[in-house]
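Here chain A shows up in two complexes: once beside chain B, once beside chain C.
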Partner chain A sequence: MKRIAGRIAFNLFAWLVVFVTAFPLVWMVITSVKPQFELFRIPPTFWPEQITFEHYARLLWETPFLLYMRNSLILSTATTVVVVAVATLGAHSLVRFRYPGREKLAQLVLFTYLLPSVVLILPLYLMMVWLGVANSLLSLVIAYTTFALPYALWLLRSFMQGIPDDLENAALVDGATRMGAFFDVILPQALPGIISTSLFTFILSWNEYLYALVLVNTDAARPLTTGVMNMLISAFNIEWSLLMAASVMMSIPLIIIFAFLQKFLTRGFGAGGVKG
Partner chain B sequence: MSDARSADGEVRFEKVRKAFGTNVVVRELDLAIRGGEFVSLLGPSGCGKTTTLRMLAGLEFPTSGSISIGGRVVNEVAPGARDVAMVFQSYALYPHMTVAENIAYPLRKRGVPKPEREQRVQRAAESLHLTELLSRKPRQLSGGQQQRVALGRALVRDPRVFLLDEPLSNLDAKLRAHMRAELIELHARIRRTFIYVTHDQLEAMTMSDRIAVMHEGVLQQFGTPAEVYNRPANLFVAGFIGAPTMNLLHGQAAEGAFHHPALGLPFAGGSPPASGQRLVLGLRPEDVVLGTGPFAARIRLVEPHGHEQIVQLDIEGGDTLTIRADAALPLAAGEALRWGLRTARLHLFNAESGGRIDAAFTAPAEAAAA
Partner chain C sequence: MSSSSLPAAPSHPSRRAATAADRAAVNPLDRGYALLGVLLIAPTVLIFCAVIIYPLVSALYLSLFSIFTPTLAGSFVGLRNYAELAGSPEFWRSLLNNLIWTVLTLTLQVVLGVLAALMLNQAILFRSLARSLILFPYFVSTVVAVLVWRWLFNDLYGILNHTMMWAGILDMPLDWLGAMPNAMVSVVLVGAWKYFPFVVIAVLARLQTIPEQLYEAATIDGAGAWGRFWDVTLPQLRDVLVVVILLRAIWDFKEFDLIYLLTGGGPIIGTQTLPLMVYKEAFGMNEMGRASAVAVAMMLVMLVFMLVYFRVLKARGEEPR
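== the complex of A and B ==
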């Protein structure tokens, strides 16, 4: 009896948490399909009396939304590719090779997290100007890499530490080169780690706001985060329905990626290769 | 043909030393292994045997000295180019590949064309009874099957030298005995050089042509199983080889005899150790005769093993001897009894250096014990 009561209480609590988390998202979707005149009605309507996709249409055809979307996709994909490529090789080096200062190096990498990003923005901006890439997508890729890489390196390092040395050694004795062993054996084993690292990096770049705000001030290079804000929020007016429609569309790529990759994240391959 | 083959698989360590920082793991190793020979590197954990094997595979680099395979110095040669195959203690099967892909991997890396590859995988699988399992993944196999796949992956390449790093240690006792027999047969069939690392003296004794006993990075003795057992080069080998272990009695040389509170043994001829030298006498459990003899003892413990009994004897001087006795002998704890020695089969060591001393003994007189 007591157990059942406990269970009910637990379930109620869990659903409460789900509700609190999900409600703003639901509200976002609902608002995005309400006609303008229904938005500020008092008392507010929960279910829209009339469903309209006019905001979506306006966003897509009358604003630079698609340009921002393209920028965000390029930016996040490029950052993810660079970060994962460098972090995978770097983590492998930190785990497998013996060289002086290896541990120190690994710890030093985390040092970047001790500094608030606001502190780093201006020096980074000056460096971008000096490199001649300021105000471009490339400058953002570089900036995002500086803070995504350390974390990715640590994440992958712990993944790679779980891969037995003997697997790589066996590949070497079997005739593979270092790189061959890396691609044939290490990479497939580290795949769940690489996928979660990619996911992390992609989401980080997709949602980043501060750097994008400071380093870029042209529509040609603006990602969604700053682009949408810039476009819809002015000092006098916030275009709520457009903002909500934009938010929905901004979330869709992440949801698709998550749905697609989730099974890789939970799939436990690697188990059973080595005994003992 | 077999001669050409032997020169092929010859392995030589010359003054090989390996240190990790200040920790010296292998010291001045000199070892010459003939082609086609089955050699075990035997020793307790941390003795440097696995490091020695890994240096031969090319997974570790010697700090100094040279390693050659088939007459060619391989210090600078990549692991894959040494023509050695290795079976790891963990088996190290590639988890994302099927059994067939695992076995084919070394061939693929050597650019063997697909039809030949498939044929050779098939042949290796047949010889190891793996045909049914070729499409499975390693995690779907039992320990014994994984072991076979690891062997298959080594076998399929037909390498000059097989390196095996404690390959049986993860198997249960019954399977281990079975795999031991299979390895002996495999070696007899293909006559390649096998270098087998183990801490299990039974494996080393039963399978090897020769055994290299290692301790603390130093090669203690390199000889046939019979040599290592019958003429241990020093106290370490004497104590390490044999189960139950050799009894070691500390005593001293005086007046042309070995003296211990429980027994005196006169040296026979040759050049006996100088008086006053501290010595250790080694007695194998099977080289003691119970029931009659010049010495007295009391039985502390009797362990019947069915085909024999292992007896602990308290002798004078506070020492205990472990003796192997016939199962038919009526023995009971607490009883006093007489015992004697097979003097031709005793071992004598220098107590300071641990080195073997070649000495012969004359049978002690009955009165010597009194």
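== the complex of A and C ==
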């Protein structure tokens, strides 16, 4: 009897902790569906007295939110495709080939992953001005490779080390070329790893703020992070429900990806986590 | 090179990969493949040189100049930027803030992370849902996290002030972000909330691989719950915690988004850390040369963390954890 009471108490305590941790995000959703006037109620209401989606409608039709969303989608997709393609070849080379400097290179990858963006950002800024691509999505794709490529390379390397050599050896014995074996044997085996690496890279790019802040100052190329923050700074009076609606909207892709990634969480974080 | 980052999968196959490469080296026919290997890594190396190595060297070079940001016109000044920094109270204050922020938020992250992991390792109802909810702060964009927290912290309508006044903890609404030391406390708290799930994931993965027999043996020896934690769990977690702490120390030290968006370094420079100072010097003061000097100085501090991290990885060799 005492045992059961203890279990119940522990469950209640555990869920209280979970609730407190998740509360800011719950509050975000609740605020986004409250009418503006209800926000200024003292004391505040927990459940909205009336649920409204007017903020979402306003966000989509009266602010540049959709433009930012489009920019973020293009930017994150382009970064992911470029980085994962390059990193897949690179990781395959680091795992299955032997040449001088290979070990040092692997170490360098880890080192670059730990580099702070603020050190690279000033020279990158000058580089973009010099190349004449400043203020464009292209400049951001280039800048995002600085953190996304080391990350993807490190993660893919760990995935590819898990593929048994015998598979490739068998293909080679059967007369396949190294590249043939790569496409027919390694690539299908590495596919789950490649997919989850892509999703993690996508999240990294989706959430990036500093490069976007420094390299882009026009709405035409602004991604969601700096765009939504701009809505806060440039607003005459801050409309919190609108901002919360924007926060919910920009988190939705992450929730979808998160659901897919459950299985790979440990691996993905293992290669250095989601935050650069 | 150790292949181990954290938290490694239980069975780590890196050793097998190394033997394959060895075999390739032994077999003379396979040696020709080295060229193909170099070809495959070439795009990576080229991109690395262009967007990482070149900017890194360039940052060192820029720090020897005085550059006006809007026109990018500049002149060589040698080490003057560094001399100015050494004599600037703002620089030392930012470094101190940086260390305070890192130590405090890191400590909270580790303590909360280990506790939450222990809790989530127990049998509780809807455990996988609970895990997802705990992990989610780590996934959301810093921008979202900051917007939500600024709304929670709002002095007039924020739920935090209301709840605390209702509970009798506060008499008056608290200015969470505009006064010191509140601003530092708030930043540290939000940092802990945002990043402790990283510790949870790493520790949880390790907890699941601790052999059950160790606990059974300890129980037979008469250890209570506390004793089992102290003598079995904690020693088993040591390795993973060392890596987690080093990684998080590096990431917390270079954090920009969270602090910049919450307080902008304010009030005045109360929560200004080195990354924020770099940004301010470059784009607020238009002193790109001096900003580079701050960035380089910051790199030097971080190199200490990084060297320790590499040392630890190397000491463990290829040992899977």
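By our rule, the second predicted complex is superposed on the first by the 238 of 276 C-alpha atoms of A that agree within 3 Å, B and C clash if a C-alpha of one lies under 4 Å from a C-alpha of the other, contacts with A are read in each partner's own complex, and residues count from 1 in each chain.
Rule of thumb we're sticking to: a residue touches a chain if its C-beta (ideal position, glycine included) is under 8 Å from a C-beta of that chain, and two chains touch if they have at least 3 such contacts.
Source: prediction; values computed, not measured.
J.: Is A:170 touching the first partner chain B, the second partner chain C, both, or neither of them?
T.: Only chain B; A:170 stays clear of chain C.
J.: With both complexes overlaid on chain A, does A:84 touch chain B (first), chain C (second), both or neither?
T.: Neither chain B nor chain C is touched by A:84.
J.: For A:189, decide between first (touching chain B), second (touching chain C), both and neither.
T.: First partner only, chain B.
J.: Look at the residues of chain A and decide whether chain B or chain C touches more of them.
T.: Of chain B and chain C, C contacts more residues of chain A.
J.: Please indicate which partner A:245 is in contact with in the superposed arrangement: first for chain B, second for chain C, both, or neither.
T.: neither
J.: Would you sort A:180 into first (chain B), second (chain C), both or neither based on which partner it touches?
T.: Touch status of A:180: first partner only.
J.: Based on the A-chain superposition described above, do chain B and chain C contact any of the same residues on chain A, and if so which?
T.: 164, 169, 269-275.
J.: Chain C touches which residues of chain A in the complex?
T.: It comes out as residues 10-11, 14-15, 17-18, 21-22, 24-25, 27-28, 31, 39-40, 42-44, 86-87, 89-90, 92-99, 102-103, 105-108, 110-112, 114-120, 122-124, 126-127, 129, 142-143, 145-146, 149-150, 153-154, 157-158, 160-162, 164-165, 168-169, 178-179, 203, 206-207, 209-210, 214, 224-225, 228-229, 232, 240, 243-244, 246-247, 250-251, 254, 258, 262, 265-267, 269-275.
J.: In their shared complex, at which residues does chain C touch chain A?
T.: 1, 3, 5-9, 12-14, 16-17, 19-22, 24-25, 33-34, 36-41, 43-45, 47-48, 51-52, 54-56, 58-59, 62, 72, 116, 119-120, 122, 124-125, 128, 130, 132-145, 147-149, 151-152, 154, 157, 159, 162, 166, 193, 195, 198, 201-202, 205, 247, 250-251, 253-254, 256-257, 261, 274-275, 278-279, 282-283, 288, 291-292, 295-296, 298-299, 302, 306, 309-310
J.: Help me check something: in the complex, which residues belonging to chain B touch chain A?
T.: 54, 57-59, 78-81, 84-86, 88-96, 105-106, 109-110, 137-140, 143, 146, 153, 157, 163, 170
J.: Considering the complex alone, what residue numbers of chain A touch chain B?
T.: Where chain A meets chain B, its residues are 164, 166-167, 169-177, 180, 184-185, 188-189, 269-276.
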